[in-house]
Every structure is written in structure tokens, then in C-alpha cells.
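Look for chain A in each of the two complexes below; its partner is chain B in the first and chain C in the second.
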Partner chain A sequence: MRWPLDERILEVRDLRIQFDTFDGIAKVLDGITFDVAKGEVVALVGETGCGKSLTAKAIMGILPPEAKIVTGEIIYKGIDLLKLKEKDRASLRGKEMGMIPQNPMVSLNPVLTVRTQLTDLINFKDSQDVSLLSYYLGRSRVAEQKNTASEATKILSDVALDNADRVLESYPFQISGGMAQRVCIAMALLGNPSLVIADEPGTSLDVTIQKVILDLLEKKIRERGLTVIYITHNLAVARRSAARIMVMYTGCIVEIWNSSKIFSEPFHPYTVGLKKAIPTLLGTKMIGIPGKVASFVNAPSGCRFHPRCERVMEICRKEKPPLLAIGEGHSVACHLWTQR
Partner chain B sequence: MTQGILGHSSGIVKAVDHVSFAIERGKNLGVVGESGSGKTTLGKTLMRIYKPTGGEIWFNGEEVAQIEGEALKKLRRKMQMVFQDPASSLNPRRDIKGIIGGPLEVHDIGTRAERLRRVKELLVSVELSEEYAYRVPGALSGGEKQRVAVARALALNPDLVVLDEPTSSLDVSVQAKILSLLQRLQRELNLTYILITHELSVVCNFADRVCVMYLGELVESGGTTEIFRNPLHPYTKTLLSALPVIYDEELTMLPKVKPLPDSSTRELYASTGCRFHTRCPERIGEECPLTQPTMIEIEKGHFVACHKYS
Partner chain C sequence: MQPQEKTRHWGSETGSLARNLRYSISLYRKNNLAVVGAVILFSLFMMAVFADQLAPHPEDAYISHFERRLLPPSSEHPFGTDQAGRDVLSRVIIGTRISLPTAFLVVLVSMAFGMPLGLAAGMLGGRIESLIMRLADIWISIPALVFALAVSAILGPSLTNAVIAIAFMAWPVHARFIRNEVWHIRQEGYIEAAQSMGAGKLYVAVREVLPNAFTAYIVKITTDLGFAILLLSTLGFLGLGARPPTPEWGTIAGEARGYLPDVWWISIFPGIAIFLAVFAFNVVGDGLRNTLGVEEI
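Right after this comes the complex of A and B.
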């Protein structure tokens, strides 16, 4: 879907990322293209290993060193991030775009208190390379500390952590998963970013706490007018949290549509397969998708889903279908459309 | 099976407290709860991996809570478990035939050749080809590992299989396949399942009866349709209202409850009274923090432990 130019906050164009592995070249992202408009909340969904987290890391600029970007553009507010120098890219991280990482308990530094981690961020978020000397000098400036202390408490109350002082004094292992998640959210929002990527928020949490966290995120999104990309394998969470859903399979986006419609009237056979597999309260039978997830190393020719597709045609084995618009806000990468 | 208190010898943590329920052969029981509810401890205690500190477990007409030695070993052939996280429940240093054949070796069943034959039979029954016998767990996907875990559980022809979060680490399309496999095996082998899970939508499609646990206590139990249609305990209602669902028709079926305050001062156990009272949106008064509510039958087969109903 092409939004008017000034409304697009993020445009990803034909992003291809591969890794050299022992068994050969793993072509993980195979031409990812999508737009996100300002203020939108979208979800990138897919099963394990489809490349959704890698896409998020590519946007944030925190890819592992082995990842090779073969081609593509990631245009943020009109600037191609992939053409920027690392130091310019780094200045965007935290201040323009923030990330709430998967598994917050593990993402927090286990040997520092929450207070230290938060105040470090508050004190040093505008600096680039902080030398050890300036770090320790900075920490010992008492007046500044007093200020950051109250700011830290305020930041935590903003994510509904009432006993902020107790949390601040704790190490990550002393707080619950829900609290750690809130701390990570607070840290991501600290720099006032415009774009936030939430990687599996709530996945490691109990369902009642997950609901509280997702409601909190919704509130913050509304209050600050954030643009958000949720990354998740939980289709129900995507449905309830996002207005638009992008379905990924083995490094390709196969369908994009409004979350209210995509599961009621899925087009792509993979989306149809997912719909049939989801457990519901309506007594529908759960049916799996035959076959196994494709490997990235010797990925299937043509459409990567073709070996598992109920409606496969000859052309599917030969040519990869492009992602095309088939309706208002609805795109699909499938020969059932190109060959209609 | 009925069961009472389980407490560790330090006397402080009552991991499973006054839990009683029963299941019929061929039916499925779902045990739902969040982390810390005691559901896994319950499952392991039923399997006699832990020994209960009190109460009774009646299995096939025999009381087994405190048996030991040969009697316990014989019992083990009739009840088996599929553990959470297939990756850590399969010995990475053994091959699949060693893993599935393990129970047969322990119970001295058959010759080596007969065991191999049985292993291959089991692999086919879980829809894996026979040559998987020679592979190692590290080479298998999550779904394949879980199938191996199921095959291992079936090696001794048990009557009862306890499934501890069997699909929680699996993708939704794989989950559907594992659950239909389990249902098919149930029909073919006349199995009875206890499914331990935090996923309510899975329980809805798999279990005939449900027990809801909170911090070691059974708060509500009844037929699955009944519990979903008419949840009584405030915790059950909260659990249901927190469930993210895809279709709007499902949303209308769920209660709407104000989200709970975090158990942020995680007093693991309220020292007196109902364990849920510090977070309960429907607390009625002095009763709740003082006395533990007892299980009452509200309608036939539908039990709840809550002062609202007594």
C-alpha cells in the first residue's frame, strides 16, 4: 500500500539479507517490502524462524556482524538508513526509533540495579562514545544524580510501576517478568522516539500480565502518537494490538491486510493455513499445515511456500510471485492472484 | 484420583494445597493456571516424580500415593508423562532409538531386536519415518522432538498420559498437528490425558473437564463448556478476560474484568485466607483475608472455592 509521501514514516524496499553458513548461503530475507504510515500500529507476524526479528534488527541497525545486506533500502522519514554512516545511525537509535526487546528479564543487565541502568540511559543518551572516565565522573556528579533520581521515579510511574523506588533498588532477578517488561518499555520510550518496535511483547509473561502490558502499550501509543511495529508469532495478540497485519513466511511477506479482515477472509494459502490452525473458543477444528518450514539454505525455487501449498500450480515452482495490491489496503504475493 | 497437601520439608511452601478432582478413563482433564500455580508440580506428583506429603491418589481402583519399590515401578508402566520443552526432556547424547526404547530397557522388556521393532512401530504411530530411530535430538525440529517425546511416553502402553505444556514452545501450525496426533492416539489406544497448560484456547478444544489453579490451590473445576460459559471464580473470569482472541464472536463470549494489579510485592502466598484475595476484583469483605474458602458444588459437576458462594 502506498501512502502519500509525507505520511510514510518507514519504507522498506526489497530488503535482502543473507548469511554464510557451513552448509551454504542462507538467504534469509528475500526481498522484504512494506510501508508504515505515521501513527500506524502494524504487526509483523510469522512462525519461528521466518525472519521477522531479523527485519526488526535491520531497521534498528543492530544486525549481527555475520549478516550481509545484499540489497535494499530502509527509508526512515525520507532518509535511507543503509546509506548512513554508523555514527549517524547510532544517533537515531533511542531517540528516533526505540526497541522493546524480546524477553525483558534477559535483556536487562543482570549485574546492575534498575536504577543504574535507567540513570545511565538518562545521563548518557545524548552522547555517542562515552569513555570510562567521563562515565565515572558523570556518575559522581551528585547534583545531576539528584535530578536523574527523580526523573527515574517519574519514568517508572509513567509505566504504572507504583512501587518505583523498590524496583529501582532491585537487580533484574529480584523483579517479576511484568515489572521487567515495564522497565524495558520505559527505557525504550525514554528518548522520545517516533517509531517503536516491540519484539514479542508479553510472550514470556503470564496471560493476565500480558494483557496489562499490552493495555499499557496501547495507552502509551495513544498518549504519544507513536508509530509501532509489533513483532509476534501470537496471531491473537497481533489481531488485538495492531490495525494492520503483515504475514511473513520464510523470509518473504506473503500477505498484508487489516487485522479485522485478514483472518476472516485470508487470501494467501499460508494465511489460510494459519487460520485453520488457530485454536478458538468456537469449536472449530484445529488443522495443521502439511510439511515442514523451508530451509533458508536451499530454499524452494519460485514461491517459497509452494511445497506445502494446497493450490500449487506449475508457475509457483518456477517464479517467485511479487507482492501486489489486490484491494484496498490488501496485498498478496501469490500466483493465485497473478494468474487469475 | 484425589490428592491433598504437598509441602516441601522446609514447611514453608505449599506448592499444591488441598487439590481434589477425579477423571474417567478416556476423558481428558485440563489443568490450567499461570506460572506458580502449581500445575506442573501437580502433574509430577500424580506421576509420583514427587511424593505427596499428604492425601490420596487412587489410580485404577488402587491407592498409590505412598507406594515404593517394585509396586511403584509397576505403576510407572501405566502412567507416563510428556514434559514441557522437548529440547531439554530428550537426552541429547542418545539417539532416538535409545530415547524411545529407554523405558523398555528399564523395565526389561523384550530383546534388543524386539525393542528396535517396537521403537520403529512407535515412530510410525507418531507419524515419523522409521529411519528417525538413528538420528539424534539435535537434528530434529521442535515438532519432531515432541513427537519423539510422545512416542517415548507410549512405549509401555500406559493408561494415563500427563501432558505438561506439550505445545507451548511450538508454532501454531505445528501445535495443531501435535494435538490432532494426540487425539488420534487417544482413540486408537484408549488413553486418558491430563493436559497441563496456560493456554485456555487449547484446553477449550481438547479437554472435557477443566481445573483452574492459582498459587497451589484449586479454585474452580467443572466441564469445559460450563466453565467457559459460566465462570464463577473471580480468577477464572480474569483469566478468561485476558485471553487474546482472533474473532469478535469469541470476544463476546468472554467476561470483561478490570485487569489485576500486578503481584508486584510478590508475597508468594497470602499468609491467611484465600490466596487470591490481595488481587481479587470481587473481594467481598473480612471473610476473604481470614479464612480459606472450601470447594462447593454450585451446579452438578461445577465446583468453586470462593467466599462469594458460601
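Right after this comes the complex of A and C.
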């Protein structure tokens, strides 16, 4: 991968994560390597369950306890996050890196009002560790409360919520999905992170609201010069929002290229298949990819895509293809290239 | 450009606390039995507060009048008098001042131990969880009544010792309950979202997990109060709890068991009081379960 990255903010090197399951070891991330430059917007696309969200959680450091990181490095601004103590990593979350959650409707605490949750975050964001006692004492101070109250309104107006005060008094289930998504975006951006991971933003919303949310997100990215990793299975969203697209298949990155090129001139057979599978409004026939997504426990030998690949060769069954740069900013992991 | 967003309301236009409360009450009132339970509970609490005014012979809680012993129910003594000539109605009314506070005390003490331990087990996991939960498993396998027997044998029978014994036995149930709730809640999206915003374990435990566990916990506590009353009066009946002449319901019934079946009124009325209290706590718990939308536990 020889993408001219002058200032890399994030480098992920050969990241391998596995789960011990009853059926055996599930190698869910099988050597992920990619870079993200400062101020860049990239998209990580792939089918459901290919490890996109797990990659995001690994970067954030909020993996489920069952997940085991076997090898790999996640270098953020020159520091290997995996070598940091949990306490130091926790201090990065929300302040250096933020995550916009997948489903806004379940990402807000149902028993607290939006105001309480936002106020909590405002109180916590400035200081490294506020003890719970000082936090509860602070809540009773009127002046402080007034400050945070007006700040909360400002923060919500900032994400184009016009009835901010009413939303603040509501419980999460009283507001619509679009509103909840805005609140989540506001909360994720509250600590001024430089890296934002947007996990399927707007997927759970209908298309019109989704567009509004994406527009809002793009506006915020421009305003603040954020570095963003979009995680999505929606190729149109990726094409529209990101400059570079990384295509994932069952825990491996198979192709990285500019979003303007990757679907017009795809190289990897999987990317070709993805492109053909996009439904069009004109009703032309969609062609899916034959077979089903490989299991993680008994992953196919060699290239994990080979059982579904139309152009499978003998070597594909034996050897895993490395991710190689084949052109300006274009990397592919496929034996069609190595065998040339 | 921006489409009008629909807003969902939860039983109210403004989402104000008063409206939400009224909505909850309207849900609760659909369960008739729960309403009956709430009325009984309210009456019992009022009885406890105004026991001195309500009891026809408040001095009878402790003072004997042998000149009028074992009188059957009459207009003068609606529940009759006992073997020491004390008015049974007065003693049953004053008994609410013993049974209700001690039941709350038992539940509070077992909560004070069980809740933090269960929370710690659920949040920390690993060895700490195994240690706490295995300890709880072993604890639960000891029969509460047998343990209370042993305590009263060692420390002597008294109400205080009965409270200690029951609270001591009840914490594992609370720990287990909270730990299971924590496990469910930890899977929720908002926990992950909070973590991604920098929330630490303590914050997640106190501000995210506990408030969400509380709805189910309140239901459990309510039914637990009923069981606490039942256990305390069982111990009193067996002579292991409150000592005579304390007007504790179980003790009153236990003291008079030698006079059964002819002198039925001394035992029957405190028995009815116990039944009503336990029944009320249980159906109120049931009503709360429906109102709060808690699944069967």
C-alpha cells in the first residue's frame, strides 16, 4: 500500500482478532492492514458480519471481553494503542476518537432524559476523571447547572435540531430516529475528537432522513476538518461520502481504491460481484455473488473468497494473497495480480 | 429541504413528569387486584403511623389485665382478649409498627450487601465474578430457617437477631438478581455508546446499568418485603424471633397456640394480618411489574 500519506493519523497493521467458540476458534479479523491520513474520509464496506464493526471497536478499544487480539498494531498519532494501559486508552475515547453508533434508537440510555445524558457528558468531557461524588455535588450547584443547560441547548442546535429544548426534556424513546441520530452525532462530537468512526450512519433511518443526516455529518466534517472512517454496507453512501473505499470480505481487506474508481474499474472479483449486486431503480437485473459468506470457524484455506470466486485458480486454494499496491493508491489482495 | 420529523409520545403530549405519572397510574389501575393490594398496604402504613390513636387499648401492647383474660370477641373487644387479658385488636394494630419497619430493615440490609456485590460481579467479570457468585451459590444452599435457628441458639432469640439472620441469608439472592440484570443490560447499545464516549466502568455501573436495573429490582424488592414479613413472623411463631410480650404478629399467634382450638381468636387475627400484608406486597409487586413493563422474573 503506497498511498501517499503525508500525515498518517491511524495505521492498522496486521490486526488479527479471534473468538474462542464452542465450534472452534473463529478468526474474525485475519490480518487487517490500512492507513488513514489526517483529514481524510474513508469508507470500510463489506457484507454484514465481515468484521467491519469489530475493526471499529478494536480501534476504539471497546471490544467485547470474549474477543482476543492475537497480533497487530493500531497506531494512532504515532502511539500503538494496543500497548497502552486501559486507563490511558479510556482517556482517548470521546476526546481523541469518537464513534457515532450504529442504531441511534438503542444508543441512548432509556431511563434518563436527553438533557441528563448530555449534561453528564459536558461535565465529564473537560476533566480526566471526575469522581462520582464531586459529580453529584456539582449537579446541585445552580450556577453550574445553568451553564451546562445553555451549553446543552447550543450543542443540540448545532446539529440542526430546531426544537432543542423539547428534545432535551424527552426520553430517548419519545424522540424520532432522526432526532436520536442527531443527538448521537452531537454527543460523539462533543469532546472535539480528531478521528470519528461512523458506524453505519443513518442505516436504520428512511432514505430522506438518511440523506439529511449524511449532509449534516459532511458539514461537520468540513467545519472541523475531521478524519472519518465510515463503516457501511451501503455502497452508494460510501461512494458519496468517502474519498477512498476499503472493501472487506470475511475479516480481510480485499481492495482499496479511490471511491471514484473502485466501482467503475474494480479489480478484485469480490468488488466486481458487489458492483453487479447493486439494485438499480431502473429494474435491471441484479446479479448476486454465488455461494454464501464463508464461516469464520472453518474459514476456507488460502484466499477466503475462493469458494465463491468465478476466476478461482489452483493457488487460491492454498495461499492467502497479500495486499499489494498495484497502482496509484490502489491495493488489491488477489492472486490474479500476483500471478501476472 | 428538511423533512418534518415525526415525534412519538409516550402517553403524553408534553412528556412532563406529572403526565407520565398519571399515565403510569392509569396502567396500574387496570389491575384490580393490585389496586386492592395498594389500598391494603396504604391502610397498614396508616395503621402503623396512627397506631396509638387507632388502637382501642394502646396500653395493652405490654400491660396485662388478668381480670379479663381469654374473653371471646365482643363489642368491647372486637378481636377478643388474650391469655394475659390484653386486647388482641390493639396488639394487632400496634404490631404493624413491628412488622413493617423490620421487613424494610431486612430488605435494606440485604440490599446493602447484595446490590454492590452483584454489581461488582456483573461489571468486573472474571475471577471476582466467579468468587462472588460461587460464594452466593454456597450461601443459598443453606436453609434460611435452619440458619436462623442456629443464630437464635447462639445469640439468643430476639427480634434483632432474627433480622440479622434473615438479612444475612438474603443477600445472595439480591447479588444474583443484580448480576443477571447487569449481564442483560451490558449487551445494550447504549452501554457501548457510553463507552465510546469515554465512560469508565464506575460511570457505566452507576449511571447506565443501575438505573436500568432498577425497574425490575423494585418489583423484586416489593415481593421480597412480603417474604420478609412472612419469615419474621414464622420465626416469631417458633419462638426464635421477637420475644413476648412484643406484639409481633407471629409471636402473638405462637404464644396462644396452647389455647387452640377453643380460643381461636388470639391466633386467627394476627394470622389474617400476616396474610393481608404478604398478599398486598405480592399483588402490588405484580401490579408494578405490569406498570413498569418488567418481564417475568
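Everything that follows uses one rule, which is that the second predicted complex is superposed on the first by the 323 of 340 C-alpha atoms of A that agree within 3 Å, B and C clash if a C-alpha of one lies under 4 Å from a C-alpha of the other, contacts with A are read in each partner's own complex, and residues count from 1 in each chain.
Note that a contact is a pair of C-beta atoms (placed from the backbone, for glycine too) under 8 Å apart; a residue touches a chain by one contact, two chains touch by 3 or more.
The structure displayed is predicted, hence computed values, not measured ones.
A.B. asks: Identify the partner contact of A:Ile209: answer first if only chain B is touched, second if only chain C is, both if each is, neither if none is.
C.D. replies: So A:Ile209 meets both chain B and chain C here.
A.B. asks: Considering only the touch criterion stated at the top, classify A:Gly178 as touching first (chain B), second (chain C), both, or neither.
C.D. replies: Both: A:Gly178 reaches chain B and chain C.
A.B. asks: Would you sort A:Leu274 into first (chain B), second (chain C), both or neither based on which partner it touches?
C.D. replies: So A:Leu274 only meets chain B here.
A.B. asks: Given the touch rule stated above, what does A:Val237 touch, chain B (first), chain C (second), both, or neither?
C.D. replies: After superposition on chain A, A:Val237 lies in contact with chain B alone.
A.B. asks: Just to be sure I read the superposition right, which of the two partners does A:Cys309 touch: chain B = first, chain C = second, or both, or neither?
C.D. replies: After superposition on chain A, A:Cys309 lies in contact with neither partner.
A.B. asks: Quick one: classify A:Ile17 as touching chain B (first), chain C (second), both or neither.
C.D. replies: neither
A.B. asks: On chain A, which stretch or stretches are contacted by chain B in one complex as well as by chain C in the other?
C.D. replies: The answer is residues 166, 176, 178-179, 208-209, 212 of chain A.
A.B. asks: For chain C, which residues are in contact with chain A within the complex?
C.D. replies: So the residues of chain C touching chain A come out as 1-3, 5-10, 15-16, 125, 188-190, 192-200, 202-203, 206-208, 211-212, 214-215.
A.B. asks: For chain A, which residues count as touching chain B in their complex?
C.D. replies: The touching residues are 47-48, 161-163, 166-167, 176, 178-179, 206-212, 214-215, 233-237, 239-240, 263-264, 273-274, 276-283, 285-289, 292-293.
A.B. asks: Would you pull the chain B residues touching chain A in the complex into a rising list?
C.D. replies: 34-35, 141-142, 171-177, 179-180, 198-202, 204-205, 228, 238-239, 241-247, 249-250, 253-254, 259-260, 262-266
A.B. asks: In the complex formed with chain C, which residues of chain A make contact?
C.D. replies: That would be residues 57, 60, 62, 65, 90-95, 98-99, 101-103, 106-112, 120-121, 124-125, 129, 132, 160, 166, 169-171, 173-176, 178-179, 184, 187-188, 190-191, 208-209, 212 of chain A.
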